[in-house]
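In what follows, structures are represented as structure tokens.
Presented sequentially are two complexes of chain A, the first with chain B as partner and the second with chain C.
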Partner chain A sequence: MIQSLADGVLVGAILSLGAIGLTMVMHMLRFANFSHAELLSIGAYSALVFDAFFSGIMPILATTIGPLSMTWALTLAMLCAMGVTGISAVLIDRFVFKRIRDKGDELSMVFASFGVAMIIRNVLGLAFGLKSQLYSNDIVFAVMISSDPLLLIKPDQVFVLVAAILIMLILHYILSRTTFGYTLRAVAENPSLAAVSGIRLSRIIALIWIIGGLLAAAAGVFYGLNNHINPVIGRDLVLPIFAATIVGGIGSIYGAVLGGFIVGIASNMALLVLPSGYSPAVPFMIILALLLVRPNGLFGAPQT
Partner chain B sequence: MMGLVSYLVFFTTIASILAIAVLGLNLQWGNAGLFNGGVVAFFGAGAYGTLLLGGTPQVDHIGGFNLFYPLALLGGAAAAAILAWFVGLLTLHLRHDYLAIATFGVAVTFENVMRNAEGVSGGAKGVRGFSRPMEAWVNDSFTYNLLFLVVVTVVLICTYLFLERLIRSPYGRLLRAIREDEVAACSLGKNPKNVRLAAFITGSCIVGLAGGLYATFYAFVSPQDVLPTLTFQLWAMLIVGGAGNNRGAILGTFLIWGAWTASGWSLSRFAPVEVQLYTGTMQFILIGLVIVGMLLWRPQGLFPERLVVSQSGRKANFTKQNKTGRVS
Partner chain C sequence: MTEILLRATDVFAGYVKDLPILRQVSIEVKKASLTLIIGPNGAGKSTFIKAIAGVVPVSSGHIVLGGQDITGIRPDQMAQYGIAYVPQSDNIFRTLTIRQNLELVLRKTKRGPARIADLFAQFTPLADKQNENAGTLSGGQRQMLAVAMALAVDPSLILMDEPSAGLSPKAAQDVLQMARDLTAQGVTILLVEQNVKQAMRLADHCYILAEGRNQHDAGAAALLNDPIVSEIYLGGKRVGAA
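Moving on, here comes the complex of A and B:
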């Protein structure tokens, strides 16, 4: 029970990071981006490459930080991966979504995002192999916090949770205290009015993709740190991330954070009553339950 | 020679069954503008429904009602329709991407439940104990497959004629009117919600029918047949053929299914063994590229929708427009 709760909070933090980017894109560009979860895969795999690179050129970096399985090399690699993923997100938009958007066919964007997801997932599979990989082969033992009720937590999990919350706080600071944050919120509120006030929409859209990519890459690395990395991360996470977005209400960043935690905790709790084989179906149950009770999500405004 | 002919019969049968599903999808997407992200769930509902209703009783899962075959097939289609009704009711009054996400979720959940609920669907082992209708009377399997192809072709033609009638009827015009401009349709006293729901259910019913035929052909269905990847394949067929054009949908199906089987065959024939492990991976990259490429360079498909002006007497001078040129 307590264990499920703790695991759920951790999964929730990862989902939140993914959902923040997705909710912004879905709100601004008005399409369900099925390829967003693939950004997590891109982040996870590019961190794997950079990690090998940094450990290779400076073996001193390959030492672990304290009790974590995370190394300094991986920390640096994660930052680079975030950059790579942000740029990939912008490039994908430039080459695919923007061109379809310019044709004025917003429904086709959903199709295109499926196609893009398909391409990214399988190219990663082709490049890195279909087998699961790990950042570190060292076994990090979980620390028993209490024996009754049983609660085991790995140091990595604490680190991931703290780091995820820190990233979200930074984002909150940017959104609420900087000019850029005001601009972003103005555009979200009323794009045409914002454009009239001298805000370049194309720049804001690119920035939204970058933020989405940065957060997704962090989520991907964190996911890889706690589970393993394989080409189907995107496929496994796309529905939970959508569920988090819908629970929070499309367009609400704080809703997405809360939605991520709700979906993470609910998914883990559900496994107490359901056989574990059903876990991929749980996010959908959450979506259904929410659509029955509150179709626009917890914080979403009614949209047409 | 006989091998080639029997392979052609097999290929045409599967392609025709998939074409029926793509026609159903075309009603939803091409005519009503409804995005179905989980076609495979409705296909699977038809497949499982048909086999469970028409099969012989099994010890380890429900079903086996030994129903008269056409009734079982209709039951399968009805199962798909009920699923569509449920999903449509929840999502069709919301922003369009909710339908996309919900249908995608239905497909994931359907596959998951079929894989795990052993008491219902036989779990990963799939549904067995179904004997193909009238198979006992035809002792030659080639003749049987040929007969089956005839039946499938008849169903395909009937579906095609039904849909052609439907989209030329005032109802079809209403569907397109709602797709193009919902507010305008509302102002004429139409109820977009109900019309869309009906179109979604009808389309899913047709997809379910295709699923039933598919399962009948193999006399077997397992979770392996309802993987989300089938959804991509069906979409690629529709997009390549041309959304909104029924003939295009059928031709697109044969084209993509041909390309799919040909690429699979040539990879398994000519590629080195270590590459063959990645056959599916490479095929899906190709499907993804086809979808994205078509949307970028030829969104109307190879056979674009032909827009017609209802009032006769006026020259149809905007037939060249495709649906991307719609009013926003």
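Moving on, here comes the complex of A and C:
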């Protein structure tokens, strides 16, 4: 049981990073973006490319960091992948969603997001093949933390958890202590008042996409550290990320973090009592149960 | 003769293209005056000040502020032109503290902390609660914060959309008096109000709109006891359309 809890916390951290970007976009732009999880795929594959590039030009960078399977090259690659994914998110908005948004058709944006998701998934499949890939072929053994109850944790898992929490703390600091953070919160709360308060909405929308892209790329790389990378990462993660967003309450960044951990832990704990085939249904059950009690999610405000 | 700060000429504007709510509305607002716009529901009063603020697109006509054409500016450019707009409702950020609300509108200026100190000296009830979420304020205090946010950027013109709506009679009077007092500081106020009698007692000049057109205008004191005003509010007689 404690093993499932630990695994759930790790998955929850990854889902939280994905859900933060999704909740910001869903709240500000008032549409359910089903292509958001594909940004994790873009991040994961971009890091794969940059990792090979940095390892190729400077082989010394291919050495692992301490007990982790993560190399210096992959660390640099992750930073580059975050940039690429942030820019990709802005370009997707500029060329697809903005055009529809300008016509005021929110429902069409939802359908367009399905199309964008399929395009990204298939482009990645064409470019990298459908075969699963790994950042590292080295075998990293889990460390036994406890024998009774049995608890095995890989160093990579600890790193991912610490890194994800660190990213969330940085975001928390920005949102709660900086004027830029107030600006983001103001736009999320009341875009029209934000505009008449001198905030240029188009610029903030672009920044929200960039932040969402950066976090999604980090989540994609963290996911890839402990799993295979393949073009359907987005398809596999879209529903848990949506569940985390809805459970936390649309628009609430802190809700998205909590929602990610709830969905991650519940999905893993469910494996103790349910056959693994039922695992994908768990996020839906959590959504249904929570929305019956709190229709706006844990921290969400009623939409106006 | 007092200088005209704002001049709107033959303004057509509306939310939907080719379906104007305002049809040839013209007004003149003198510097450091309180000018009131009244009219029945659906007259286009709020739409008119939103058109000045750039929130509603202007399809034709001109809006000139201090000799500069501001027709069709973006809402976020208002402060650059010396305009501040206080919407009727949802005019503060509830999830930010009072101080953060003020810091937000002052984020582009270097003298933000000094300006905030000035504003807290002027609006002392806000100073006492500066670190509380703005959502916890009473209706009157929210309007006070909204006005403080507008004043923060030192505007030459403040557009106020029914600032007394939903307030108690005492709080409504206080808010309207606050608007009047601002004119003594050299700020020009263009006010849309449903609370007609209270507002007219404080205003310098009054425009009456109905059905998206100018109906009448005169000094507020002269209009205060004019039977035409009450007739318009009762939905009866209209003065000849412009």
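Quick notes on this one:
One rule holds for everything that comes next: the second predicted complex is superposed on the first by the 303 of 304 C-alpha atoms of A that agree within 3 Å, B and C clash if a C-alpha of one lies under 4 Å from a C-alpha of the other, contacts with A are read in each partner's own complex, and residues count from 1 in each chain.
Following the convention adopted for this analysis, contacts are C-beta pairs under 8 Å (C-beta built on N, C-alpha and C of every residue); 3 or more make two chains touch, one makes a residue touch a chain.
No experiment lies behind these values; they were computed from the predicted model shown.
In this superposed model built on chain A, chain B and chain C occupy separate space and fit side by side. In the superposed model, B is the one of chain B and chain C that contacts more residues of chain A. Once chain A of one complex is fitted onto chain A of the other, the partner contacts of A:N137 are absent, as it touches neither chain B nor chain C.
Contacts of A:T183 after superposition on the shared chain: chain C is touched, whereas chain B is not. With chain A as vertex, the superposed Cα centres of chain B and chain C define an angle of 90 degrees, given in steps of 10.
By the touch criterion defined above, A:A281 lies against chain B but remains apart from chain C after alignment on the C-alpha atoms of chain A.
Within the superposed three-chain model, A:G104 lies in touch with chain B and out of touch with chain C [touch as defined at top]. Judged by the touch definition given at the top, the superposed model places A:S197 against chain C, while chain B stays out of reach. Applying the stated contact rule after C-alpha superposition, one finds that A:M118 touches chain B and leaves chain C untouched.
Superposition on the common chain places the nearest Cα atoms of chain B and chain C 8 Å from each other. Shared interface residues of chain A, touching chain B in one complex and chain C in the other, are 304. Those residues of chain C that touch chain A in the shared complex are 53, 55, 74-76, 78-79, 85, 87, 90-96, 100, 103-105, 107-108, 149, 153. Every residue of chain B that touches chain A in the complex is listed here, in rising order: 33, 35, 37, 90-91, 93-98, 100-102, 104-106, 108-109, 112-113, 115-116, 228, 232, 235, 239, 277-278, 281-282, 284-285, 287-292, 295-296, 299, 323-324, 326, 328. The residues of chain A lying in touch with chain C in their complex are 179, 182-183, 185-186, 189-190, 192-201, 304.
On the side of chain A, the complex with chain B involves touching residues 26, 30-32, 34, 96, 99-100, 103-105, 107-108, 110-112, 114-119, 121-123, 125-126, 130, 235, 238-239, 242-243, 246, 250, 275, 277-278, 280-281, 283-285, 287-288, 291-292, 295-296, 303-304.
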